[in-house]
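Down below are the structures I want you to see.
Next come two complexes built around chain A: one with chain B, the other with chain C.
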Partner chain A sequence: MELKTTVTIDAEKSVARVALSGALNTDTAPDFEQDLQKVIAGGHQLTVLDMKDLEYISSAGLRVIFKAAKQTKAAGHRLAAANRKPHIDKVFEILKALPDMAVFANDRELDDYLDAMQKQVRGG
Partner chain B sequence: MSKSITTRLIVLLTLCSTLIIGIGLLVDYRLSRGEILERLRTESRDTVKSAIIDLENLLDGVEGSTLFLARILEQRDYTQPGLKQMLKDIVENNEDIYGATIALNPERVDNPLGFAPYYHHKDGILTYADLASRQYDYHSQAWYTDTVTAGKPIWVEPYYDEGGGEILMTTFAVPVYRVDGQGDRFLYAVVTADLALGELHRYLQRLRLGESGFATMLSRTGIILSGKNPANIMRHYSEAHSDELDSSTWREMFSSALAGQAVTHRLECPEIYGRCVIRMDTLQSTGWPVAVIYSEKEILAPLREFQTKSVVLGLFTLLLMALAVYFVTRRLTRPLTALAQASDDIARGELSTPLPSARGDDEVARLVRSFTAMKKDLKSYIADLEAATANRSRVEGELAAASEIQMSMLPQGGEAIEQFEEYALWAKVRPAKSVGGDLYSYYRSGRQLFIAVGDVSDKGVPAALFMAKAISLIQQLTAAQIEPSPAMAQLNNDLEAGNDNCMFVTLFLGVLDLDNLQLRFASAGHTPPSLLRAGTVEVLEQDDGPALGLATDLDYPGNTVQLEAGDRLAIYTDGIDEAFNEKAQMFGFDRFNDCLAQTGPAPLAVAGPNIFAAIDRHAGTTPQSDDISLMLLQLATATPGPATNSNKVSVTGVDKVSTAGVNKKSASFQRGVRLIGPVQDWLQQMLENFGVAEEHHMVFALIAEEIVTNIDKYGELPAGGIIDISVEASAARVTLEFRDEGVAFNPLQDAQRATLGADIESAEIGGLGVHLVTQLTDEQFYHRIDGHNVLRVTKLLQDV
Partner chain C sequence: MRIELNNSLDEIVTAMTALRAYADSVAVDEAARQAAALVLDELLTNIISYGLKGSQHDPIILELDIADKNLQIRITDGGIPFNPFDQPDPNLDLPLEQRQPGGLGIYLVKKYMDEYSYRYSDQQNIVTLRKKLAPAPDQAGKGQ
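Our next item is the complex of A and B:
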């Protein structure tokens, strides 16, 4: 199974949305890493990995995500995972990958988070 | 009676001493009583006798004085004043004589009234009275007339001398005769001496026997002269008031006394307290009976006193005796009582209880010393026992550890099951003790399957140590893929080296060619295997050599047997055929072969335990005497074809339902640019074919990817190297097995797990993936076989 990646940039909100579709495994991880590194290099406040259509993830894929999470954190930005399927979520859980990441169960939580962040920016 | 020995001793000894002392006292009392009684009787007799003698003396004195005066008057003449003077002298000088007179015969005197001067002690004063008076008329008085009548000296019956002495008295009168000139004898005078009855009474008063005894005196006519009751004096005894004696008894006694016979009479005398004795005797001179009456009881008072003393003394002695016995017994048995108490304590396990101290060398002391020694021995014995028990449990602990270590030397820890397309294998060792000398081994290298079953002589630790050496050598030789016959010879030489204890091993060593099902084997004195083919069991014929380890440079002939698909081969040790039951009967080859035949088509996982159960049923309660080992090898019913390699993916084997009821399929994958995709695709296909629910597919895909990636990255396989993957699935579990020829690497141990979460990038090689695999599966097993890494992981499906 291949991996298809769709990147959407909201420059105004400084949010990058990366939608993953298919399988993120050893075979597909190297290409995905290149794509993700490009997005992060854009310096957005928030990078959201939308996993609504992600069917499969292995440790190779997770390693790419962890690496990106560290980088965004170092730059003062955030990396978030949204809409994880149960079996994807279980893999995250086993590897205790959550502390560095914002995690959203679905789109609504993500939107709430974005609104809150927006207000914070304006307020600040 | 109490059971206490102290009480029994006291009671028995007291009873015995009571009896002895009682008898002694009784005998002494009887003897003493007789003596005392005799003495008392004598005393009373003597008292009476001496009183009578006193009285006699008194009377004799009176008589003597009177007779003397009479004698003088017979021969000499005195003037009247002379007579008076002489009379006065006599009365004055004789205290016993109350009064005296010389009464001249009136016929011979000028005075018609006669001449009779009378001197007497009136109220203690010597008084003179002239009896020659008209009023007194002495020659008509009884004392004068009676004497004259008698013509000889007489004691006159008592009387009251009115006008004379004026008292009650008795008189001794002597007639004085003279001879006149004509030669005629005539009465000259009557000389008298008076004795006051009071004086007699006073004498008799001395004759008192006891407190209430008294004496009485009678005249010859029976007049009472002296007695207890003054009112009775001068009365006749028959008129006297007396409760004690009836008149007939008195008369009888009186007449006996008058006849000069002393009599004694015993009778009841209520007046003077109980029984009394009357003793009556007679005065010689006067013939007056004198009676002494006394209470026997009072006389015998000393005897009674003696009796009382004896009884009190006896009781006191007994009391002292009982006390002495009590204290002596207590003293003797006190250590026994203490010992009994102490031994009770000891019996309860209180060994520190102090025992009573033992002094001297008597039986109790010896007993106490024996007890002390016993207590000491017991203490040290218990201490030894505790030490031995501690030692034994330590040894048992070590043996348990040794048992685990030994079992770990055998493939799959002493009970193995293997399942492949071509064959299934089941093996088990059950030692008789914690550790044993039986062994089995198997090893597959490509299409060759090496198998070994052996039995070290003896049992227990020595056999186990030798077995450890043997199995190491066997595994080395099989890994080197040496043929059974030369392998056996080399093994023999290796085991013989340094085998000073002459331990030996019987061994079956075989190699099965999975392509043509030919079994080549050698036997070192081992029991020939049994073969179950088409329901019939036959024992393989073998050409065997001697047991291993005894002599060097021996040859072990090789044997070859052609097996067929569906054959079941059983290789076992003599612990099976030599399993004894209660009747000392062996299990035997026939029973084993029957048992093997009955296992029929049952899968090995069932057949093997069934055979063991049959052996146990035979043995019953008899403990297992020797180590028992059994290896079953089941050939698949259809012969699998040889493995082939395709360009990218080759799948070998056919779907089959094995004897264990498990779906199994294998495939070989060649390293390439994209390895994971084909593996996952194949695996998904297999799982679908085996009917594993789709929800599980992703988990197995993930597991496969992580493991294959690990092998691919770190296995250092050459380009185009092969990774064999097999999948076994049942309704309950799915097992994946990965096999590669890469460098020896146990990911379960060697992969350093990532410090999860915070710094995930620092995880070492394979860390994340291995962590995922161990978390997602239930069993993981790594084995390095034949230069291959073999990793088996199993997931139970119920948990998903």
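Our next item is the complex of A and C:
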């Protein structure tokens, strides 16, 4: 199975959204890493991996995501995983990765977070 | 079902196709399918990327069976002797930024399978895995 990624940047909110569709595994992880690294180099406050259409993930894909999470954290930014299907969620849970990533169960939670972030920016 | 795989990462797709065909033929539930796909990906990647790297070997043998209401997966390869289950588990209590890379794949294999074993015999690595099948066909995979 292939992996398709679609990147959308909201410069005003400083949010990058990376939508993943297909399988993130040994086969697709190297290309995805290149794409994600480019996005992260943009220095956005928040990078959201939208997993709504992600069907499958293996450790090769998780390594890429964890590496990016480390990098964004070191830069004072966040990497988030949103819209995880139950079996994808289980993998993150087993690896105890969720506490270190801003996680959003759905788009609503993400929007709330973005609103709060905006208010913080305006307020401070 | 028994298939032979060449020493190439492309063959993981072949293994997945074989798994799907086998799972359809014997009505394997969704949870067991997903678990099997994950462990095949992880273990075959390891064998092809490290165990068999850079030399000629006999093909990897993949066997899928149903045994005692389990999906049984056996992978046999003639690469360097390597017991994947002998490696230390990653320390998952550390925050992500302090973790060492590696070890995640095998850890997932242990977590997703109900039984796993390794033996080295006749110059072959033999890994055997078992995943319990859901008892009834209704809503399989929604458990826990």
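Convention: the second predicted complex is superposed on the first by the 124 of 124 C-alpha atoms of A that agree within 3 Å, B and C clash if a C-alpha of one lies under 4 Å from a C-alpha of the other, contacts with A are read in each partner's own complex, and residues count from 1 in each chain.
Rule of thumb we're sticking to: contacts are C-beta pairs under 8 Å (C-beta built on N, C-alpha and C of every residue); 3 or more make two chains touch, one makes a residue touch a chain.
None of these values were measured; they are calculated from a predicted model.
Upon superposition of the two complexes on chain A, a steric clash is found between chain B and chain C. Of the two partner chains placed by superposition, only chain C is touched by A:K73; chain B is not.
Within the superposed three-chain model, A:A11 lies out of touch with both chain B and chain C [touch as defined at top]. Of the two partner chains placed by superposition, chain B and chain C are both touched by A:A60. Within chain A, the residues touched by chain B in the first complex and by chain C in the second are 25-27, 56, 58-60, 62-63, 66-67, 70, 87, 91, 94-97, 99-100. Across the interface of their complex, chain A is touched by residues 9, 12-13, 34, 37-38, 41-42, 45, 49, 90, 92-93, 95-97, 99, 101, 104-105, 107-108, 111 of chain C.
Interface residues of chain B, counted against chain A in their complex, comprise 674-677, 680, 698-699, 701-702, 705-706, 709, 754, 756-758, 760-761, 768-769, 771-772, 775-776. Every residue of chain A that touches chain B in the complex is listed here, in rising order: 1, 25-27, 55-56, 58-60, 62-63, 66-67, 70, 87, 91, 94-100. Across the complex, chain A meets chain C through its residues 25-27, 56, 58-60, 62-63, 66-67, 69-70, 73-74, 87, 91, 94-97, 99-101.
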